[in-house]
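Shared between the two complexes below is chain A, which pairs with chain B and chain C, respectively.
After this line comes the complex of A and B, so read on.
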């Protein structure tokens, strides 16, 4: 509240009149069109999971960290995701240090709703030991400069940070099978988070009793406008969250118009974020390839490592160039894979956390296709085949073929990722396979 | 879980477009200038309004020629099954802000410069839809206090479960993980002031859910108007006696 009050003070009557009258002839003070977005730049830090987003004058930093904690009692097999906002007085003199003010809380809640309630981040894969250990992911958002429209900038910062975040791989082992072993990043490649879709926030400002709508309002416009609405949408055309906290009333048609505008913009912004993240990841992985040989040398200390070292030599030093080429190729492939898996999710996603299971669905479709192709049977027969192939005892020869085909397909998918680092699919597969059998 | 059975009935036996029973009463806190209790099924909210009175903290005044509206939302510790620990968490801070701005939009603040209006909201029983109930209770209390308003600000929620749009979610339906749309409108002006949504919904589905919630708002507005008219009749009767 304090923030808004101070804003009101600073703007003179002349200035606000100027902004309003200019808007009536569809002109904005910074020369943009009504629905134009400011320039968006995303930068990444040296560490995993840090991002800096600049949207015009607005500057937000996002930082993601993870910690192992005990899960909540009502969700024993889900990790948690929490968002903390820091409005430093450096960004805007009206932000007071200490306890987060109303605007800080609201910003955190809007981003939280967009990310968590739409299940953008897969929290089930953050579980290590059900009921005992889960990863708790924490997103810190620091406002470095307030040039208006903090929500959108902070949301993009959170997404970019989440996408580049890597958590250390860990396995459950020990005598009783209850001990958690965390593998250092040198030993095993840290794992990225599983992100199903990117919810992107778009803020609209309303002027002149809700008759003029403006996208991405600046600091000055925020002080003048009589209402605002934040719409969080993803590239699939889903609406993930809306926040219009009171203020001036607007017509229903205006709201629906805003929603359409936002969803038409979502794809472009998603593309920008994905491209930036990809470029960053490519750079990181190229650095890693260079690092491997030196690593192997540093490990020549104990006798037990000797075997390992030899292995490293054969795989890394001799074929270093080859691997790097592979890396690059895989990186080129990855966006396509991502997109296709995303599409699957979009079709299979039904809202519940346990419903998300792309593999079972994918297998069904495959087997259906194969069995249909093998003999032009009726649909009922093919569905019965699907059942037999699920239970494992294939009696008909047609059924057998389909089973083979499917396993072959899966095998191919496996080999794609076997060389080199673990990917996100490897992280999920064992659990999902188990589920299918039961 | 099945939230709508094949006959089209919900867990508590309602149809998809059926609201819970509304019980509303004004003038329940004698000390306050205006007060109301608003019940919607098992959700129960009490609202008290003080003002317009002289501004207490000058720094809160943002515009010289407008009244300041302050709002405090809190949930009673006994309102939910498990005891609530902190009184001012992030959720209630956000709700206070949202409700304040919604009420600000419907009060004619320009008629009362240099004054403030305090709205206190306490949730006595929480069974889903507390923010809608709070807005409705606040409207009743403001009307009871005789504060000039543009229109009655009313609110209603709707959700989407089992591929059915549902009006007025209760706690079980609310925590099912489906979408939840809370709409606040000014029914006579036909303007949307409040709109909050959780979870994921395709565009077309959102439009139907949004329309359903708006219909619900209009129904609530009628009920609130009835309650206020009844109250006015009572007052008139008493004065004549």
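After this line comes the complex of A and C, so read on.
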């Protein structure tokens, strides 16, 4: 008990008095104006759907995951969205590990109301098989450092994580059409969530019996203020949620004033989030482009390389990103089919020269050897014909290096073969000559 | 277990050390007396660091690790800022950012007797001196200097208190005077009290000055001397407009 007492953060009489007197002359402890926001920085993790938001000293991490579950009975064709908060004792000594405290529950509820009840995330698109399988999206919010105004920071973290989240593409198939196939990210590009609008939370602190309104209160201000109100609005000016905890009553005019302030700020914050997400997406797609050319080189396929170039262009044009992605997927499918057919050809073609290899273990070789022994010249001609056919095929394939190699191989094998024939004939002819001579 | 020191010990001075680093090897420093400060630990013939920070050396023979923490470990004769948590008949319970609450005897004031026990409400800010720090006991504080005089110790009225790290408060107390305070003091008039436990109290007639000084000090933590001067100059130029 005593140890916990020592770990608590305490407010001095001096601080609370100073914060209030300074606010009387419209000054805030950190030098901001009354309606100024602290510096907002958004960072993203390596995985899809992870974000880190810093609002001044406040530090929140958001993480989005999805899982396939059975839908709720009353909503068979809607996915679900749930929010979980984790208040680490590292962030603030007053946070206790284990059960979520009152503030943790409140924070989760405010964000949940802002996101879910305003239908910001399209839950119907999360349906895979009506009544059987839907995606359940889970948002985890970790408070890493508490510098005041956790709600706003956590809300932005949740939005940023949702916007960068990608769920694996899945289709319904199988014999009865009830089997769900999940496509790995290598096979099909994971899909983003459909987000209709961004509900952004703004917290106001009230001082001096609600006469002084302050935006984005800091840790010290939160400890001193007599009331608080969180307004969730989007860039269009729609009010998505309002939360007004604390016992201090606030005038109607003050509330309206707060709403106006919030909606005027919403556009700017939305812009910051969108820009950051866009920059992240661009970086992601560029990384992907870097990874693919090595694959293309090793597999040798002209058309797919072209697809990738097109893909790069599409990734730059972010507005048309989704459409182009679908387009690319469609394109990808066709080259794959092409490639498979060509590969079959290629294997056949490779088999061609190996038939002429006297040391190969293939079954055809023996029969061919027999035929070779019986009629030598005619078959060598046919072999040369085959060779030309094969090289033609290779040129069609477009893999120049492989063509050269293969033709080189062919040439070597042919010359060997001819050498063998020549030596036989040479060996025979002198005998005849000798016989004739004798 | 004692790892051989590959570098000469003197080269580690003013370098960053991490816990476990062998700082000194006593086997080749016979007939010398050295004094170890915080963050160093002797294990037979080797002296190793126990905290991350800068290894400092002061002539003739003092070694310690200079580091910056959010939590304060009390040491005797440190001057700290404490917040009154509770008042009992014999002691005030005071929070000095340490692992335990500290005790301030009600008689530890200049001319303190049972008759004139001061009354502090919860949350009062006090400038104090650490007297005892015995293990297993709460640290003991006093509001007098060693000779029993009040000597500026006692409650701090008004003003604003900011929580910083121990490193920053030590920097603010260093001599010659910290460039931030020096530069600010040329233009503004203010009063500060710095506790070694990472608490700084600032007071001035105008709240504006308090806010400027407080933020300038908070921002100066990771800046070099010249950077600090430039920062303060810019700040002063901005407010004079």
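What we mean here is this: the second predicted complex is superposed on the first by the 283 of 438 C-alpha atoms of A that agree within 3 Å, B and C clash if a C-alpha of one lies under 4 Å from a C-alpha of the other, contacts with A are read in each partner's own complex, and residues count from 1 in each chain.
Note that contacts are C-beta pairs under 8 Å (C-beta built on N, C-alpha and C of every residue); 3 or more make two chains touch, one makes a residue touch a chain.
In this text the structure is predicted, and so the values were computed from the model without any measurement.
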Exercise. For A:102, select first, second, both or neither according to whether it touches chain B, chain C, the two together, or no partner.
Key: first
Quiz item: Who does A:176 touch here: chain B (first), chain C (second), both, or neither?
Solution: neither
Quiz item: Which holds for A:253: it touches chain B only (first), chain C only (second), both, or neither?
Solution: neither
Exercise. Identify the partner contact of A:25: answer first if only chain B is touched, second if only chain C is, both if each is, neither if none is.
Key: second
Exercise. Scan A:287 for contacts with chain B and chain C and give back first, second, both or neither.
Key: neither
Exercise. Pick one for A:17: touches chain B only (first), chain C only (second), both, or neither.
Key: second
Practice problem: May I ask you to name which of chain B and chain C touches more residues of chain A? | Solution: B
Self-check item: First, second, both or neither for A:245, with chain B first and chain C second
Solution: first
Quiz item: What residues on chain A does chain C touch that chain B touches too?
Solution: 5, 8
Practice problem: Using the touch definition up top, name the residues of chain C that touch chain A in the complex. | Solution: 83, 85, 93, 95, 98-101, 121, 123-125, 156-161, 201, 207-208, 210-212, 214-215
Quiz prompt | Touching residues (chain side chain A, partner chain B) in the complex | solution = 1, 4-5, 8-9, 102, 105-106, 108-109, 113, 117-119, 210, 227, 229, 234, 237-252, 255-256, 259-260, 263, 349, 351-353
Self-check item: Residue ranges of chain B touching chain A (in the complex, touch as defined)
Solution: 59-60, 62-63, 90-91, 93-94, 96-105, 177-179, 181, 184-186, 189-203, 206-207, 210, 214
Quiz item: Mind pulling up the chain A residues that touch chain C in the complex?
Solution: 2-3, 5-6, 8, 10-18, 21-22, 25, 27-31
